[in-house]
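Quick heads-up: structures coming right below.
You will see subunit A twice below: alongside subunit B first, and alongside subunit C after that.
Our next item is the complex of A and B:
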């Protein structure tokens, strides 16, 4: 493994490095926990790594509570997210997803932006952020900025709308309208730790004080080329009273989640097993 | 080549390294500190765990250049002449947590980082939390029970 590295410590240096490499082969490196393993398997002689592990810009590194939600820098690590009390209390789906990701040593360096841009259908933090209707804030090397819903940002297997001259600066999550929430991240694998999900389900459901569901976000991991947001399952819940949900309602909800599942059979699980697990997980989140 | 300055086991050093050099190779081959073990070399086994700025990390998936300005502690950095073993190591000995010993430096460094963090916060973790803290370290000899006993005993007194 041999490659050139451009070290960047400020946002200005980063954008200049991206601009200077538009005609060459480069990758961005932050936590390197996926990248090193990928680079070991390929010819890296013509490759440049733009290293952002030492970038100090707070817009890229900090987790900040804002009036209308939470902003998380692309360089926040999974451990930063696990240790954040505001996330633990208000967005359990994200807290659980980050804490179920790999192991301590990897969580200490693996970044949010890396989890998103690696575009794995089983990306844990990404799946939870899709359920939370997160928005990506993207900058380009000419100073342009744009924002896009994370669920629109991912367009296929290993494909995003990110252009070669762009990088994700941070993501935002809308503030909860109500404190009354059912929120969590279910991850099924063959063991609890160091596991890539066979199936995962992220859910974040808000109720008003009467128990009426006012907002719902559900995402399914590792059952499709992307991590789908289960719109029809969410719409089905809106306006319903959480206490009045019948077994038939829960089954219908699970069936609607299943509309988004088109899993493959691979070494980790069969298509049949993945569908069974997703259906069962979807039914049990209300119990 | 890139120049990096960092602290290792209390000593400040400056090195010229290739940009693609991994931290584990810097530690073992350049600095000749062989206590950090190369296991799977893909972030699964934790044998290469070292502490960087207080956090346990896998040195096989960490670029050496990224320790610039930071403090690295390896298993060699835990003891000195007066106290040859750290408390974590003493507990491993007392509880028989070592068989072949290959995973031991990684287990010790992970436990050291976690217990220092818990002490700072004034927390005594539950046995389940101690187990979770070691989820990134594989052992093929002991069956884990004695390692977990040892890691739990670190919080006694």
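Our next item is the complex of A and C:
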């Protein structure tokens, strides 16, 4: 592999580097855990890498509790997320997704922004953030800013709305309305580490003190070209009392999740298996 | 009572441990020679095709390319390879499997070489190919390997190899049987997944015709002979140097085309050439475990005593023949002699297909055989209403037994090993326990028999040792045996420390250069510590005779009873430093060096034409009780605990032995649950660790290891070979545990989550039908 590298340490340098390379072929690298593998398979002679691993800007790196939610810098690593107590307590779905990603060595360098921009249907942190209704905050090299719901940001297999002159600066997650939550991330695979989900299910369900479901987010990974937010399954739950959910309700919920699953068969699992497991898992999250 | 030992039996870290963990170890990939070129090999685009033309002109014209070779090249003056001589090194005319090598390039950089490959134009006439051995046996099937001698030897043109074995009166034993169980088992292709990919560096001198190879082979002297045959050279003109090897597990027991190809590139270019496999090449090209379909019929009488085993095996030989075809040598042992078997009939046929060929892999057919045997045992016990542990205990091998095949168990830890795991796992309680709701628990047993004192497959199964004690009291052990990570050179150093009282820092083990070291057959059959250990003990005996004689002369005392400890030789009040004795030998008359050499040949016998005979110096026995938990939502099987008890004769290095156990179990668990090379029409669909589910450290369950010491007099200090055994009964025990958890029996490996969910679904539907 032979390519140019531009190292950036400030957001100013970063945006300038992006601006300067608008007419050339470049990739942005932070943890490089996916990028290096991709570069092995392509001609890198005409390629420039903008390295942001050493970027010091807090807007890109920090995890900050704000009044209306949590802001996580694009350069936060999976380990930063795993180690964050606020996330562990308030957003178990994200904590679990980050802790089930790859292995310790990779978690120590793999970044949130990288996980999102890799746009894999089995991206663990991405799937959990979709269930959490996260928003991406994007800057362009001219200083322009925009925000977009993560589930809108991803528009297809390996496709996002990100333009060549843009980069994700950070993401925000809305504050929980209630402390009463059912939240988790189920990842199915045959290894405990170094695994890419065969199927995953992220869920974050909030109840008021009476047990009435007031908000729900459910996403499913590796069963469609993108990671779908299972709207109808979530809508089905709203207003229901968590304690009164019957077996029939759970089955109907699972059936609604299945509406979003159109998996393929590949060497890792068949379509049949992916559907079967997603259905089984969807029923188990309330027990 | 066995003699109290100071070093042997106490944990000793690996001699090369620090180099390995610090990154200082020099692997084949680290070798760099002046003017060295990088080689790449063009492989067929289709597993079955005629080659109409090959045009290398564009590749040759690429800047940085030094030479390109094909089978039409002048330098290509070669013999076919493989033990059946049915494998051309470079292919012309036809290609028969996805590995087939068509052309090779040597260039200044790896990138240029790879680019040149893309410029080679090959025109194919693509054919359908045959990927099922049963299809290949049909009359209308074309002959797959033009060099195959199946028609003359076995009556079918696509038969590559065949074995028949029998002992006892089968019909009489069938008549005695109360229960007869007949099942068909399917075993997958799996790969060794060595962390260091295959590699070779070749330097050929046009001046004296000598060839030096830096190679990752695990059998350097056989390899030297194979390279010589392939390239029509004198074996002694070939020097094999083994850099540190990052995993062998049997994969490096045969020579493969890339190795002579590398030499041809070096010959043609006049420069050293190196070929390193990428991970994808390692998956596609390195030999696999032998896939097979086993039909096994077994019986027992009303008391649960085994009566007979009848086995018919069809093996997918692939397009060429490698060691996979010879796995019956080991499988015959298991079918004929694992537990007491009054009658046995065994037939195995390896059939050419357009799939890749299998090689040797730790266990050598034994995991496949043991999986079928142990599953059938559970089924017989169930039908008889007998406990799974009891049926095994009453049939277990015993000390003094001479089996139908002629294996003589002079020591035997089979029953103690079984009893130990049954006891430690609380087997009977766990076996009967309720299985749980979503997560269902189960426990299963498996036992195994394997050679423990080498295996006389070649004319010699021996090992040579040269010892040199220098003027400063440093000992150099030049051993014929190899270190491929199994820890045998550490065991050799421990033996020398024990016997000669020399400190570890004064011991060097030299074992990497065929120009220097004496002959040894190589690393296979769990033999190295056994054979090389005995060889070293023989050499030490000779060296002690020399030292004793000199000490007697120097101290003017008459005795042969010297104690060697702390760098000194002591007898009563007489004491002398060992280095002083060596110096006096050197500088005093009659002036000699303190060197000796010794060759050890084990007492084992070559088997006769019926495959009968006491083939090994001793035999290893082991049992495993494995606890699993099956998630009925996902189908995943988690191994909770492994209880393993193994007759190792005597523990030499406890920490090294534990490492062998854990490493073997990791491979065995993967074989049972996750690993499979997925082939479709001759193409590998999962040539990466992403798609091929090699387990990682985080998947390892707690391993409870209970060594059984039987002190076999054939082995060094009573020890037996231990390396292959820990993975052999693992898949069998896990399969029995899953069956115990779910009430469903699995007849194929791996027992993937998908297979489990499908089985549960079928079970549920059957139950529904019953209710209706």
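The criterion applied here is as follows: the second predicted complex is superposed on the first by the 287 of 287 C-alpha atoms of A that agree within 3 Å, B and C clash if a C-alpha of one lies under 4 Å from a C-alpha of the other, contacts with A are read in each partner's own complex, and residues count from 1 in each chain.
Convention: a contact is a pair of C-beta atoms (placed from the backbone, for glycine too) under 8 Å apart; a residue touches a chain by one contact, two chains touch by 3 or more.
Remember, it's a predicted structure, so these values are computed and weren't measured experimentally.
Peer 1: Identify whether subunit B and subunit C fit side by side or clash on subunit A in the overlaid structures.
Peer 2: Subunit B/subunit C on subunit A - steric clash.
Peer 1: Just subunit B (first), just subunit C (second), both, or neither: which does A:20 touch?
Peer 2: In the superposed model, A:20 contacts neither subunit B nor subunit C.
Peer 1: Let me test your reading of the model: by the given contact rule, A:258 touches which partner, first (subunit B), second (subunit C), both or neither?
Peer 2: neither
Peer 1: With both complexes superposed on chain A, which partner does A:188 reach: first (subunit B), second (subunit C), both or neither?
Peer 2: Only subunit C is touched by A:188; subunit B is not.
Peer 1: Under the stated touch criterion, which partner chain does A:103 make contact with: subunit B (first), subunit C (second), both, or neither?
Peer 2: Touch status of A:103: both partners.
Peer 1: Which partner, subunit B or subunit C, is in contact with more residues of subunit A?
Peer 2: After superposing on chain A, more of subunit A is contacted by B.
Peer 1: Now for A:276: first (subunit B), second (subunit C), both, or neither, which partner does it touch?
Peer 2: Second partner only, subunit C.
Peer 1: Contact-wise, after the overlay, does A:32 reach subunit B, subunit C, both or neither (first, second, both, neither)?
Peer 2: first
Peer 1: Scan A:59 for contacts with subunit B and subunit C and give back first, second, both or neither.
Peer 2: After superposition on chain A, A:59 lies in contact with neither partner.
Peer 1: Between 620-628, 638-646 or 656-664, work out which stretch of subunit C sticks into subunit B after superposition.
Peer 2: For subunit C, the listed stretch overlapping subunit B after superposition is 656-664.
Peer 1: Can you give me the overlap between the subunit B contact set and the subunit C contact set on subunit A?
Peer 2: 2, 103, 192-194
Peer 1: Okay, in this complex, where on subunit B does subunit A touch?
Peer 2: Per the touch definition, subunit B meets subunit A at residues 2, 18-20, 22, 42-44, 46, 49, 55-58, 60-63, 65-66, 68-69, 110, 113-114, 132-133, 135-137.
Peer 1: Using the touch definition from the top, list the residues of subunit C that touch subunit A in their complex.
Peer 2: 111, 438, 633-636, 673-674, 678, 685-686, 689-691, 693, 695-699, 752-754, 757-758, 761
Peer 1: Report the residues of subunit A in contact with subunit C in the complex, numbered from low to high.
Peer 2: It is residues 2, 103, 188, 190-194, 196, 267-270, 272-273, 276-277, 280-281, 284 of subunit A that touch subunit C.
Peer 1: Could you please specify the touching residues of subunit A with respect to subunit B in the complex?
Peer 2: Residue list for subunit A touching subunit B: 1-5, 7, 29, 32-33, 36-37, 40, 44, 49, 51, 53-54, 79, 102-106, 108-109, 192-194.
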